[in-house]
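In the two complexes that follow, subunit A is the common piece, with subunit B as its partner first and subunit C second.
Let's turn to the complex of A and B:
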């Protein structure tokens, strides 16, 4: 693909831009600490008892929500805001004039901010895991492998979903309403607020049909060694499910990729570039 | 299609569907359920071709379709109908090989990264356009020298003045040595000395690299200094395609004579000037407009009858010529209400 040779430079410049927005980056990261709030709430609720099929006590909940925080920070994307703003203002034109697909340059800008975000959150997460959730992380190398493979897929589903909504700015004046609806469903169906196994059965079944769980809870469960559909810890069952869910996850990636490609092509034909 | 043309535009049209709404709460609520749209014909059956290395001015009033045309030529917009070919490519396909050959510079719009120094944007463009390091260094040094941006290129863009930013924008736009320059009002908002610098630079670039230049500007001096050929567009339609001198003479076959007299003219002298075609008078200076064929006789009689200290003869200002042209060819704006 044209422009991929430029990717290292795109990442380097993206990193330079990310550290230029120091205060904004810090404030933004503080707004994504909801898992720590959930952790405190559910830890209180779990005092003296075990919750769900995983028999979650305080250590398990600290492990779950700490990993949720980490995975969320690694896989989140703000391409929707960039696309919406640039399509509306016409400044997408500047990206279109370059011999690199704008979506490729957006991915570089998102990924370039990862080291900085990781540098701030990782010490906190490692500290929580070491002091309060030691022993929760799986030692199964296959599940570790599945986790490492799941992360890029989770990131891709997130990025492509955001891009899909953002591209609707070619057609509608505002995509904010759709974004808020999406984030509402994501919050419930991804395991962000509550582990899915603690949700009503019908909701867990619905979540199984949607891509949201693959964006967050699935990689978290892989690293905790928890089976995906609930039940006692069983490494063999967990490993098979992990590979199966990887397949579904990347299936979603392909479907979203096709959707983004089609919407991009159709949207560009309508693009009026007013103002840009 | 013209053989060997660098830019070929064949019966191209571009229509936009614009949502129209009156002001007020009632209108806002109504637009929730029912919207009125209007079709705006920004470009209508436009045809022209440009040879490699030409410098062409693209003139017209606001809303004439100049920027829309440039955006179609650079692949940003899809034409509603017609055919476009630029450097042998169809712009809307946005092939990397096509994009590497062109640049579109829009005055006061920017590609420089706002929070980083221009050198970072230069390096980014080098990587994106895959410019070999040696060529990049050579081009950057040359552009830095010609545009005098050595001191400002390491300052964050947001801290540069408009003139400094425009020079850096131009450098960023030309680092990959494009063969086609689409310049949309590149001198807008710049002071006179900066305008001169930019014009000299564009001319030098064109001559050095045989780059084709298509320039729009509301500053007629840009066009006069850079372009021997002009395309005049109004309401999306081409009104004139040819050299500048012929345009001026076809619209205004008169010449402008500016006199400076020893002292303020007396009433009798003023009367003589009026009979000769006086159009403007201020203290000791008078401007006359005289048909070309009477020029010699009028000049001779003015020098004989009046205390002339200085005299210049020139064509009428291009602004006036264009104003006359647009006034003569006033057409409906090409708007039609469309179904909502």
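Let's turn to the complex of A and C:
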């Protein structure tokens, strides 16, 4: 398949682009301040107290939001802006001419930036983990494995949900409004600003059902050794819960993949490029 | 052509009218954007409420009796609302115009602005207003009012909400807006030296997010930084402290001095940047 053979080349191009726009990439990553904003509030809220059913103290919350920052930095993507802009301006037509699926070429661009992102995130990650969350990380190798396996899934849910919303640009002029609504729900339901165990009961129930937690809180909890919301640390039931949530996570990936594929076919049929 | 102040008053009137016309042209967008802002505000006040609730449960006390970093729930809500009030000013009046400067510089069209017979900083600072932020600005003001009213019924300290306190608070709020403008102008000046800074605006907005919590939340070095280096605490916590009659005089003085200094510094930097500006087109 021509597409598959071209993939390494696409990755190389993407990597070169990431290097060329390195300052931009760095600034983009620095804009992820929300976990630190949340950390400021929550570590003050836990001063001298232990919160929620998990008895989270300052150390636990600082560890939690440190990992939130890291997972967010590793798994985020910008395909939505790219996709809507290319559909609107008509430059998508050029991609369609190539013998490789445009969505596949997008993944190449996003994945190629990962080494550079990693090079920026890793020292930060190790520093933060060492200074703020040393005692919080689990020593269970199975949970570590689950965490590592959960990251690609989190990235995929992020990418595919963005692509799904972006593809709506085939039908409506601006999808950004919809996307901001999605992000709004995400910040509340993914554990980005409030850990699930500290949410009011109705909200925690809702968050457990929605896919957002698998993009953030689920991997974070695995590494904290705390997969079971409301449970104790480093337990066997926790490990079982981690396997179980991995299954659900990849279930969501499959569902989104099917959704994107269907919407792509339907949308492309009615797409008339605006020049380009 | 009228001179001096009259000219600038007329100019700002014209700019506002054009922005209003644009807003009326896309009136559904206007409403949708406004509603979206309200939704965002409602969503982002949730963590504050949840955090106070969680602490109150842990302490076995009530929502209004507990405190985080020395701040009760209602004062913290007032800071949060002040943050949204300033954010509305930032997104509605400051940000759109100054983003335009970056575009002008990149395309070389800043020359046309410089040719006009008015102050360049004034022209670029008032070029565009996004008027739907009036909606969330009003909502934020209402939230300040409601939280103040609740707080005054649940044992506000002596001296809070007196006429002089309200006056001082309004003055400090104005300082906050001016500080925001000055810092923003400094950020924009970077566009003269490095070409791509459209994402610097995102960076600034995300750092500004720290201003949503009361200053008791920030301890140690962070508190010092947010008071003296990047004055986020001065912008949102000082006005509320003033309204509650507990801002120390030297702090109020610092806010005034800092505002003056930063306004001068940003103006000076802007002029310097203009002087060094070699147009992209010619």
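Keep this in mind: the second predicted complex is superposed on the first by the 273 of 276 C-alpha atoms of A that agree within 3 Å, B and C clash if a C-alpha of one lies under 4 Å from a C-alpha of the other, contacts with A are read in each partner's own complex, and residues count from 1 in each chain.
FYI, a contact is a pair of C-beta atoms (placed from the backbone, for glycine too) under 8 Å apart; a residue touches a chain by one contact, two chains touch by 3 or more.
All figures in this text were calculated on a predicted structure; none of them were measured in a lab.
Taking subunit B and subunit C in turn and counting the residues of subunit A each one touches, the greater count comes from C.
Contact with subunit B, but none with subunit C, is seen for A:10 once the two complexes are overlaid on the shared chain. Contact with subunit C, but none with subunit B, is seen for A:42 once the two complexes are overlaid on the shared chain. Contact with neither subunit B nor subunit C is seen for A:169 once the two complexes are overlaid on the shared chain. When both complexes are overlaid on chain A, the residue A:51 reaches subunit C alone and has no touch with subunit B. Looking at the shared chain after the overlay, A:34 reaches subunit C, while subunit B stays out of its contact range.
Contacts of A:70 after superposition: neither subunit B nor subunit C is touched. Using the contact criterion defined above for the overlaid structures, shared-chain residue A:103 touches neither subunit B nor subunit C, since it reaches no partner.
Shared contact residues on subunit A (touching subunit B in one structure, subunit C in the other): none found. For subunit A in complex with subunit B, the residues that touch the partner chain are 2-3, 5-6, 8-10, 13, 16-17, 20-21, 91, 93-94, 96-100, 268-269, 271-273, 276.
For subunit A in complex with subunit C, the touching residues are 23-24, 27-28, 30-34, 36-38, 40-42, 44-47, 49-52, 177, 180-181, 184-185, 187-188, 193-194, 198-200.
In the complex of the two chains, the subunit B residues touching subunit A come out as 16, 71, 74-78, 94, 96-97, 99-100, 102-104, 106, 109-111, 113, 115-116, 120, 123-130. Residues of subunit C touching subunit A in their complex: 32-33, 36, 39-40, 43-44, 46-48, 50-55, 57-59, 68-69, 194, 196, 199-200, 202-203, 205-207, 209-210, 212-213, 216-219, 222.
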